[in-house]
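Some notes on the structure that comes next.
Per-chain numbering from 1; labels A, B, C, D and E assigned in written order.
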Amino acid sequence: MGSIQLQDVRKSFGNIDVIPGASLKIEDGEFVVFVGPSGCGKSTLLRLIAGLEDVTGGHILIDGVDVVDTPPAKRGLSMVFQSYALYPHMSVRGNIAFGLKMARMPKAEIDRKVNEAAGVLNLTSYLERKPRELSGGQRQRVAIGRAIVREPKAFLFDEPLSNLDAALRVNMRLEIARLQKELGTTAVYVTHDQVEAMTMADRIVVLHAGRIEQFGSPLELYERPANLFVAGFIGSPRMNFVEGPDAERLGARTIGVRPEHITVSRSGDGWKGMVSVAEHLGSDTFLYVEVPGIGTLTVRTPGELGLREGDTAVLTPDPARIHRFDANGQAIAS
Amino acid sequence: MGSIQLQDVRKSFGNIDVIPGASLKIEDGEFVVFVGPSGCGKSTLLRLIAGLEDVTGGHILIDGVDVVDTPPAKRGLSMVFQSYALYPHMSVRGNIAFGLKMARMPKAEIDRKVNEAAGVLNLTSYLERKPRELSGGQRQRVAIGRAIVREPKAFLFDEPLSNLDAALRVNMRLEIARLQKELGTTAVYVTHDQVEAMTMADRIVVLHAGRIEQFGSPLELYERPANLFVAGFIGSPRMNFVEGPDAERLGARTIGVRPEHITVSRSGDGWKGMVSVAEHLGSDTFLYVEVPGIGTLTVRTPGELGLREGDTAVLTPDPARIHRFDANGQAIAS
Amino acid sequence: MATRQTHMLGRILIAPSVLLLFIWMIVPLVMTIYFSVLHYDLLNPGVHDFIGFENYYYFLTDPAFLASLKNTLVLVGSVLIITVVLGTLVALLMDQPVIGRNFVRLMVIAPFFVMPTVSALVWKNLLMHPVSGFFAWIATSLGFRPIDWFAQAPLFSIILIVAWQWLPFATLILLTALQSLDEEQKEAAEMDGAHAFSTFFYITLPHLARPITVVILIETIFLLSVFAEIFVTTGGGPGLQTTNIAFLIYSQALIQYDVGGASAGGLVAVVIANIVAIILVRLVGKNLET
Amino acid sequence: QTTLTIATVNNGDMVRMQGLTDDFTKKNPDINVKWVTLEENVLRQRVTTDIATKGGQFDVLTIGTYEIPIWAKQSWLVPLDKLPADYDVNDILPKIRAAVSYKDTLYAAPFYGESSMTMYRKDLFEKAGLTMPEQPTWDFIFDAAKKITDKSTETYGICLRGKAGWGENMAFLTAMSNSYGARWFDEKWQPQFNTPEWKATLTDYVKVMKEAGPPGASSNGFNENLALFDAGKCGIWIDATVAASFISDPKQSKVADKVGFAPAPTKGLGKTAAWLWAWNLAIPAGSKKVDAAEKFIAWATSKDYLKLVADKEGWANVPPGTRTSLYNNPEYQKAAPFAAQTLQAINSADPDHPTVKPVPYTGVQYAAIPEFQGIGTTVGQQFSAALSGSKSVDAALEAAQASTEREMKRSGYPK
Amino acid sequence: MARKRTTTRIVVSTVSAWVVGFIFFFPILWMILTSFKTELDAFSIPPKFLFFHWTTENYATVQERSNYVHHALNSVILAGGSTLIALLIAVPAAYAMAFSPTKRTRGTLMWMLSTKMMPPVGVLVPIYLLFRDFNLLDSRIGLIAVLCLGNLPIVIWMLFTYFKEIPKDILEAARMDGATIGKEMVYILMPMAVPGIASTLLLNVILAWNEAFWTLNLTTSTAAPLTVFIASYSSPEGLFWAKLSAASTLAIAPILIIGWFSQKQLVRGLTFGAVK
């Protein structure tokens, strides 16, 4: 009831090619997450699907029907805007109810739905406020509420949780996932949060400068990144890349090891270096270790470790977890 | 050169008490992070310090001077707004340069500073664009640029990195920290990102419904949360709370164990339960385990584990890492 | 948002107004062009000889033409400057917290309520009259010689009256525009260390650029055809000092009843108005976009 | 049921007539009357456009003596030859009757008529030791004006029209020039502003106004001067005879009991500066309600109407200047001390021979040709410039001559 | 935003605003005062401010002489009708030009304004002839059409400016919520642009109210609005300041009331906090 297909979709603003050509098929009921660096074209792609921008070329099919000439209101999608775009003259209730009102839903049902959504979003006591009397996170939740009360063919979420605190974010994440599964609605979700991307997505699209670098399940991306860009982008802290003899030994131009796949010891075999920075997160510690001839490597160690800045550390990568890339940055299948 | 002191600062909007009374002393050159649930008053507190809102009561001292009657322009602070508040009619360059122009800095120096900041912020190729031609993250970076080019008494950052991707966020985080240390400027920083809070802060203020729950160094908060709220708020996934006989046995009403301080095994001694959800992040796995009589406990295990949803798991908390709380939710010193 | 559908739709939405205005423009225009090449004297309606461009020739070579062109431009220019500058200042003032703001605003807008003829009569006789006017009384009370407004500074007097009438227009448009200025932008500027003055120049004024443009263009159109004020106060005199193009055409049409001449004059006025508008658009038109 | 739409000018007499309409509709129950009362200039442009384009909006028009010959010539007016016998056409003052006739046919019925005369302040004359002669000369007037003037008390010797316009300053100046022997056109329609007569006229006018006139004179018209006179700021005022009733009305005038009247001045060439004007009612050609309109006109300009007004509002308020019988009425003479002067002034004006030399046009203070309004206004502007001092007399005359020649040539004169 | 202004600042701005307001208003105040004077007092020097013989005689005269209510009603119908119709036509056009501008938008705007460049007297005869032929002389319909078309460019221009201020994200959001173009205008655009629409309405009602050329030339009595009423008071023979003042006061009274009510709509726009 809501498959979305992009066929060589292109978009330029003036002479800036923002999306040089993207093809993609999102299955009905699937939860797809778009990730990519800031400015890579995620919002643009979402807006193209929504119909808020014209494609410069290519086709967009919803349920197999070409919609490039269908106005947004008729595409049957709902969207959370990165900029919220709340209706300033309406109360929170009015904002959330607007889409339902447009669909001529009976008053009582609207009320029920709005109250339900407000409950989920922790907005119940703010229902009568105007957007300007809300905090940033509350505004964002109203924007989410507006999208989820409806039963569209697909949800489009543009960084919907960026202004929420961790606890709420976890809750909202679970709520959105639950809702999406329950309704079986397709969802396209833009986020910068690795945890969100990894936990919510059925499949992740990695975008880079308007190009799709990889499209696959979260674990696929984590475990088998298609190229250097994806490898570096997925995972936090990012993968360490090592070039030179160490890489050549393994038949690659570059090898990559994730910080969590390196064991640290005070002595032994491996890359020797000096701890330059130690970031303590409580649960983990991130060590930035200067290894002569290689550069700074990041290591993640669980809990608090005795190592301090200035100490010497020996790093041993887990050999089974080393990624290899060729001269073009493409992964070499192991 | 930039200590900030709040003395029983209160703020209400109409009859809503948003800040019922907050006292705090931020030392000169310190990096203080405000965290707290969405809508708890972080932005409001920042705006009070900035002078963009009037205090309802209490005093704000900057460098020991009471500034409640000083207009924002004279307080010598710079700020990144949660909503960016860019000047729509000015180019990116104009936006960033504005504060410097106001300070009558020579043209050449302004240019140098702006170019430098743009380089740091990855905005160099966007300098001549207007804000409306930028992506969300790019706009946010302009807002940061506007604040950091100046040399104010203190920086006020309101969720400055919320719309940036992980890699950029790490970069920016390091840049901001470096800059702040270099200039020795006091910084007040609002964030929802645990990593940011833990890594950047000299001290963290935990806010809850406008009240300061705890003010201390990151590790202090992680290791010795003052009460249930702080314990639950700091750390992600959040701490597990257990009540009943298990707690009483340790002389507490409630005990708390962080997900990362629980060991999972397939059999043995400990809480027995069934894995209801397993979230795979690649680097870690979060297990949600239903323990009869206690509820759902979250466990974080490194890497990929053989356990799947529906499997039985035995959870053993690290006894040295158990937090105890009394009936009022206050921590019991161990 | 600029999508094909919205463009399509845009065309449909603009269509009614374009169509109506087109008819409203073209029918009289064609008739006017036709009349302008006829010898058409309303008092002698039987005779409609084709005389080519004679009407234009007479209108353009009228010794009053150049003088009135100059007067028109001076009048329009001065009133524009006065209304835009003062209008901005007054709008800013009205935007401040003022006790009894509604009432003050109403007082400021009120001059626009008065019909041009009436306001001209009131100014001429009750205020500016050199013997029994209010200004004369003030001047005499202060020991000065009253100014003989319409003899010593006739055009200036007209400018004063017209500016008084049109200031509320500028004020109201600019005031409304000020209301939509995002408060956070001003806050950001304040944080950037901008004081009231710089905030005005760098934030408020650019925000007002478009409304100011609109004020300028709309007012220009109206000011080019100011005539009741002149007719009532000076009758275009003394000499040609207050004759403007509109008054000249008026006297062709409704004093001489020379329809042909008035049509030619009207078309000349359209050309002049267009030239003025094009120049203005060159100067300020970029503010209309974005 | 017929509805008459009547266009009138907004002066006191006409407005009074409006108030008395009931009397007419009572007598003619099948006729309704709708009034359109407009200011003089608006009325003129309104009525002219309508009649020239055959808009048919009005059934009865109020027009001035200027329009009558022009419009009658165009056959725009219905001749009034079917007026009832008791209307007594012969009672109409002969000069007025001539003015409302074209080729000896009556095309409009005069509602009220006026000329111009000299009005002055007896008290000021007395103070200055002056007596107004039976027939003042311009020299006397100039001299007296200078003597009376006392700028410290804002007393100005003479108030004359200065505001540009064919019916404003040009009405006065044309009449004045007539007494100086000047004319607008010679028999070949050549404009005459380059003659010494015009130069003398304008020079004297500007000179006396500079020496003894009020400030702001170049924008003063009838009303402004009336206000000045009423406020006691003027010693002498030469203007329409209707002004007499206003300045002797204590409700309006501070000097009501101190005013004297004399004929318009002369230069000793046999003509005075008296003009002739009347507001008249006429029926546009093509009207479908001619009968009703005629009935109305007959009612409004009848002797009975005069009596009706007298009964209701007193004799002082009847519309003056149209009927001989009125001036023979002792009650009127008593109520209107200026009656004799008015009558004399009207009788002294001669539209057919306005000035000393022969002219090709009719009209005293105007030339009854269609072009006159435009020419008069243009010339009026030049003369007001001369008055305000922004132009010299010579330059003003030169410009007037040039523009008039141009306009006449364009209109194809001599015809 | 939520900073209290210091008392001094309020006092300063209040005082200066009142002074400015008073200066602006003075001629009208003077006119209103004059309307209560006798003709003689109206012209007296030194001027009489409050201590003169107050009289309502002028109003009585005006009332007696002309059918004020008839004219006022016509004014309301003409000004209101023409402005409302113009608004109905203009809102879609301004919306389209503000939110989906094309290369021709600026040209179209200029062209619309240029339809007002012909001085009315220049086309009086053509229009009069047309009106005569279509039997529209002295009809309200005809005048409403003329005033409406005359106002239309101004209405479009003003609405265009105000619409431009509205962040288009918000309209896009409405579109995503399934609002049709009409609903988008009614529920989102218009409420957000209320101050702009109110001032557009107010200014155009005034322009139509005071329009004195067409209303004078195309009406006689049935459709004659207050301009015609005023034309019977300006400059007759004799003193008329007080009566003219009374008539004018009556003529601006209704619009003053309209102005007062639209004041309330001129409140601050609402976009603050809706987008970032």
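Rule of thumb we're sticking to: a residue touches a chain if its C-beta (ideal position, glycine included) is under 8 Å from a C-beta of that chain, and two chains touch if they have at least 3 such contacts.
Since this is a predicted model, take the numbers as computed values, not measurements.
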item	value
Each chain counted as touching subunit A and subunit C at once	B, E
Chain pair bearing the highest count of C-beta contacts	C-E
Separation of subunit A from subunit E, taking each centre as the mean of its C-alpha atoms, in whole Å	54
Subunit B-subunit D separation of Cα centroids, rounded to whole Å	90
Geometric centre distance via CA averages, subunit B-subunit A, whole Å	20
Set of subunit E residues in contact with two or more other chains	1, 43-45, 124-125, 129, 172, 231, 234-235, 241, 271-273, 275-276
Sites on subunit C at which at least two other chains make contact	1-3, 6, 9, 42, 125, 131-132, 182, 184, 187, 252, 254
Numbers and ranges of subunit D residues touching at least 2 other chains	45, 49, 53, 154, 227, 231
Subunit D - residues contacting subunit E, complex	5, 7, 9-12, 15, 18-19, 34-40, 42, 45-46, 49-50, 53-58, 154, 221-223, 226-227, 230-231, 240, 242-243, 246, 251-254
Sites on subunit C touched by subunit E in the complex	1-3, 6-7, 9-11, 13-14, 16-18, 20-21, 24-25, 27-29, 31-32, 35, 40, 42, 90, 93-94, 96-119, 121-123, 125-127, 131-132, 134, 136-137, 141, 164, 167-169, 172-173, 175-177, 179-180, 182-184, 187, 210-211, 214, 217-218, 221-222, 224-225, 227-228, 232, 245-246, 249-250, 252-254, 259, 262-263, 265-267, 269-270, 273-274, 277, 281, 285, 288-289
Complex contacts: residues of subunit D adjacent to subunit C	41, 45, 48-49, 52-53, 70, 74, 154, 163-166, 168, 214-219, 224, 227-228, 231, 233, 370-371, 373-374, 377-378, 380-382, 384-391, 396, 399, 402-403, 406, 410-411
Subunit E to subunit C touching residues, read off their complex	1, 5, 9-10, 13-14, 16-18, 20-22, 24-25, 27-28, 30-31, 34, 42-47, 89-90, 92-93, 95-97, 99-102, 105-106, 108-110, 112-127, 129-130, 149, 152-154, 156-158, 160-162, 164-166, 168, 171-172, 181, 195-196, 198-199, 202-203, 206, 209-210, 212, 227, 230-231, 234-235, 241, 244-245, 248, 251-252, 255-256, 259-260, 263-264, 266-269, 271-272
Residues on subunit E engaged by subunit D in the complex (per definition of touch)	38-40, 43-45, 64-66, 124-125, 128-129, 131-132, 137-138, 216-217, 220-221, 224, 228, 231-241
